[in-house]
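For reference, chains read A, B, C and D in written order, and residue numbers begin at 1 within each chain.
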Amino acid sequence: MARIPGVGETAEIAEKGLGGLEHNFLTAKLETLVNWSRARSLMPATFGLACCAIEMMATGGPHYDLARFGMEAFRASPRQADVMIVAGRVSQKMAPVLRQIYDQMMEPKWVISMGVCASTGGMFNNYALVQGVDQIVPVDVYAPGCPPGPETLLHAIVTLHKMIETDELVDRRRINGGGAGIVVEQRDGQTASKVVLTR
Amino acid sequence: MIRDAVVQNTGISSLLPLAVDPLFVGGVGLEEVLIVLVKVAVAFVLLLISVMLIIWFERKLHADMTNRVGPNIAGPFGLFQTLADGLKLTFKEDLIPERGDRFVFRLAPYLTLIPAFLIFTVVPIGGDFDNADGTVTWFGNTTNLQLADPPIGILFVLAMSSMAVYGIMLAGWSSGSKYPLFGSVRATAQMVSYEAALGLSLVAVLIKSGSLSTHDIVAGQADGWNWNLWITGFIPFIVFLIATTAELNRPPFDLVEAEQEIVGGFHTEYSSLRFSLFFLGEYMNVITMSAVMVTLFFGGPDGPIPFFESVGWLWGILWFLVKIVAFCFTFVWFRATLPRFRYDQLMDLGWKLLIPLSLGWLLALAALDVARDKDWNRALVAVICFVVLLTMGALLNAAINAGKRKRLAGEGFD
Amino acid sequence: MSDEATAQSDALDAEGAIEADPPASAYGVPVTNERDQQVLFPDRDNYIATIEALKADGFVSAVDLCGVDNLTRAHRSLPAGVAPERFEVVVSLLAHEPPRRTRVRVQVPESDPTIATLFDLYPGTENLERETWDMFGIVFENHPDPSRILMPPDWQGHPLRKDFAVGTVPVQFKGASAPR
Amino acid sequence: MTLLDDTTAASTDERVTRRGDDSAVLRIDEANVAMVETVDIDPNADTPMIVNMGPVHPSTHGVLRLVLEMQGEQVLRSKPVIGYLHTGMEKTGEQLSFMQGPTNVTRMDYASPLFNELVFSLATEELLGIEVPPRAQWIRTLMCELNRISSHMLFQATNGMDVGAVSMMLYGNRLREETLRILEKITGLRMNHNYIRPGGVAADLHDGWQEDIGGLLDLLPPLIDEFDELLTGQPIFQERLQGVGAINSAECLALGVTGPILRGSGYAWDLRRDMPYLKYDELDFDVIVGTYGDCFDRYAVRLAEARESIRIVGQCIDKMPPGDYRLQDKKVTPPPRARIDESMEALIHHFKIFTEGFKVPEGEVYVAVESPRGELGCYMVSDGGAHPYRMHIRAPSFVNLQTMPHMMNEALVADVVAIISSVDPVLGEVDR
């Protein structure tokens, strides 16, 4: 197997593209810089659902100030957003919409599951709720609490920043086989809605 | 006639009708080309860097006005926040909507960005106009501190500021979805209504300055008491400021991208680098239009030179920057304080207030000018103007009210 | 109000007390007094007539309308002359002058879960009736917009019926290697 | 009492009872909206287009979806589509005991959670036939009014934001934050407190609560006055809201609307005054009414109500009696913590209450309180067990939403946003 000094194995490069490159001065620095910029300018999509959305707003407010991280620019258009903060309970009716928004977001994108309802369904273990948003979209950080206070959300965000900066997430899709598709289990003749893509 | 005046003033031959820069007197050599290149680079880089700083400035200032801290993690005092934004957007996935017009969709961001650069080329950014003619001497070459000084400078500014709106309009149209279309339609209406007010208030300046060249306009305002702000009597400046805010789509006139109403307006479907171009273009326009306002009404680089008289042109640059920052502050202030106009209120303000006001003021100014030239009784003329304008205003008001009554009576919206 | 209410409830204890009630509160239908709250029990045929009479009597607003599924509660206390059925539609009415409330409970059989709509009398019940249809499957005849309101349009079943499972999903631990 | 004259009150307004195409409500199949061909290719075609606003849209307050039929920027008909936050809380409420119930209902109206707990507890107490001690009632009154302030401040924040004044979002949040700090100190949580429970409240007020709340009362009025300066007198704000989304009180009554929307239309109806519960009959406060029933009136009513709430809180501090903060009935409330260590019986009671809950006599009851959004009712049916047989919450936002199509008739897109925020729906409560 041919090996180019300072660059890496040719087969690996052919297979993985840039991912197969050995870290040298140039690539390492560029990657660090890009990761730095991604972590420093993480624009959240406005995706408030329930109680947690109020706490998300409070986090953007004067006392906690999400703007310190350059995150005050909540993007209304998913095309420009980097992180989706799923703030609140996700109902069966909302699930296709949520997935659609996620699909409309541009790579690289991250998901924070805020609150127990989004993470596990919380106390509402019933017919109406999706029991954990990670059944629909791949979640990177879970923020516990019902609802998580602004401090908890900030901690989740800072955790995500660190993960982005230390490059933990770049290969996520390759490792866990891509984002989750919607799995609709039919019980007792119930169905959830189909994903209707509208453009 | 204006061109003749310019030629006379600057003392160069009419063989160089467009670039009336003393630099080119006596032929163009390598040195001159180099100086022009340096000026181009400086203007370009300066604008880019100042855009970075202005975005940071806006975010910090707005944070300050709302009891927050603002960006402070990216770099010292969050200074690199914009850099991070730009870099991140550059490395983000790009998308062209399936239903969109691919060519126009790609073209649109450049249509907003490039005019912003081009406007800046005709703005004098420094020079001592009080004691000299605003030129500086570098390496034995005398030159203006502006990239170009075409005799039609102001028309060029008007043309380019209209071009920027085309970018927004086409962006919304080419996205092929509904919210951008709303933004696009709004942008068109806004441009049509406010361009007229902008132009009319500008004519007042042109009457006083007697020239279309930005250099001459600034030269005519040397010494603080000659600023067009005073001698055109405030009204044109206020109209110009409002119309400019509308042209820039800044709050309270940001209907085009009103996030709460039409999601992102024209840039809803844009992501990645193309979005950052819009972002860049918007703030660049803020700077260039501030610069235009400074040039037209606030004497450009004019200002006191307390010491270091030998480098008076540097003081000019300083004053110029201070005035620009003051305007940027005003724009942020607007954003932090004012609610957004509604579409029809925007139209009302443009057509029913700003255009009649600037038109009437222009007529009064012109009448007074004629009175001065012909040695008429200027007080009498002023009174006549006042009475006529008041009557016209009352008539207009009556017409507007009649129209409103008619509409409310159920004739429906036209 | 409490004195009158106590009198009413005392009167109810006696057999055939309904006729003895003051005429303003009976409206020709059985009436009880539950925890000081007046409850009327019309059947489906005179449901609309009762509500109309109540409306004419100053009950300006229908504040609430909901269904109840009595599948597991067949033996419940109802006034004489009211046959228990599986479903009930409960309407709460509010009068402002003087401030007072009344409640109308209508029995709706499982075999034919239909009832007339109140839309023409109180248009504000539109959403509430849609919700009752969505949750219980009670059809409101002549309703302007008989569609699901809370559940997805293609949902099957009516969740608040007692025979609809709550849909408990066993808690999974996120580290588990469950197929997902 | 400024009630309607009889003729108006008796006749429901014709505008809201229309069924067909002339109605302001766009009664189309929600599922097929996506299939409707929307952007018209032919620019000369005069057909209206269908625009979907939401469920993810910056100004729909969560997950409200509006289907708008538009001619240009003008709305012809519209329909609010809800259910995107349906949580099955009424079903879950049947699984939880009366003891656990407040945990469930508090998550409905997340902007004013204490009112949900209150109405649930009042209904349970009514069924049980118990009366809570006076101090508990005063504490409930106090906490609810504090919650009303924070809820109305949240409205000011979103309302300002929706008409484009971005700073208002932050000012409103700042005020709310100050109120939440006190609530957190008393209840232990910023939201979803689970503080008001059947039989009383969960914990007594902490030492020094008078100073804490007194400090808040000194802090709030000048901050609220800032809204007056920045919004009430602001010409653009007035232009945006005055005359927009007007609805008269006859229509409000026909639609079952309550709360600030009804009061904004000039109809003085406030359950706190007209059908007093808790200790409101011993308090001195004014019912705020508007005149025109437009968005501006609703804004002003809420702002003034926040001021009234400050007045009420001040009176609560003065009138707070000593005593027990919950009923000392071992069947309903858990015994004091200290008793558990020494008494076997207390331990058993504690265990039974938290595992089985307490049995509630058979019956049904409808109880309503005045939440910041209107009449919040709870219809509760008990079959004699420890769980509610049926628990239905009459959510004010759910009913109030029906006004939207009528308010939006012939409005512009910008007005739509103002109208949504002036109705101030909380979707958690709408969808439950």
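In this text, a residue touches a chain if its C-beta (ideal position, glycine included) is under 8 Å from a C-beta of that chain, and two chains touch if they have at least 3 such contacts.
Everything numeric in this text was worked out from a predicted model, so none of it was measured.
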Label of the chain whose CA centroid is most distant from the centroid of subunit A: C
Winner on C-beta contact pairs when C-D is weighed against A-C: C-D
For subunit C paired with subunit D, centre-to-centre distance based on mean C-alpha positions, whole Å: 23
Interchain centroid distance [CA atoms averaged], subunit B/subunit C, Å: 65
Subunit A and subunit C, separation of their C-alpha mean positions in angstrom: 45
Chain centre separation (subunit A, subunit B; CA means) in Å: 40
Residues within subunit C bordering two or more other chains: 150-154, 159, 166-167
Subunit A, residues touching no fewer than two other chains: 62, 76, 92-93, 125-128, 193
Residues of subunit B whose C-beta touches two or more other chains: 66-68, 99, 176-177, 259, 263
Chain pairs that touch, as defined at the top of this document: A-B, A-C, A-D, B-D, C-D
Residue numbers on subunit C that touch subunit D, as the complex places them: 34-35, 37, 39, 56, 60-64, 66, 68-69, 72-73, 76-77, 90, 92, 94, 96-97, 99, 101, 103, 119-128, 131, 135, 144-145, 147-154, 159-160, 166-167
Subunit C-touching residues of subunit A, taken from the complex the two chains share: 92-93, 120-121, 125-128, 131-132, 134-135, 180, 183, 187-194
In the complex, subunit A residues that touch subunit B: 33-34, 36-38, 40-41, 62, 65, 67-70, 72, 75-77, 79-80, 82, 106-108, 199
In the complex with subunit C, residue positions of subunit D that touch it: 1, 3, 9-10, 12, 16-17, 19, 23, 25, 27, 29-31, 82-83, 86, 88, 90-92, 95, 126-127, 129, 253-258, 269, 274-275, 362-366, 368, 375, 377, 379, 381, 383, 389-390, 392, 394, 398-399, 401-402, 431-432
Contact footprint of subunit D on subunit A as seen in their complex: 46-51, 53-55, 57-58, 60-63, 74, 76, 78, 88-89, 91-94, 97, 101, 123-129, 146-147, 149, 193, 196, 198
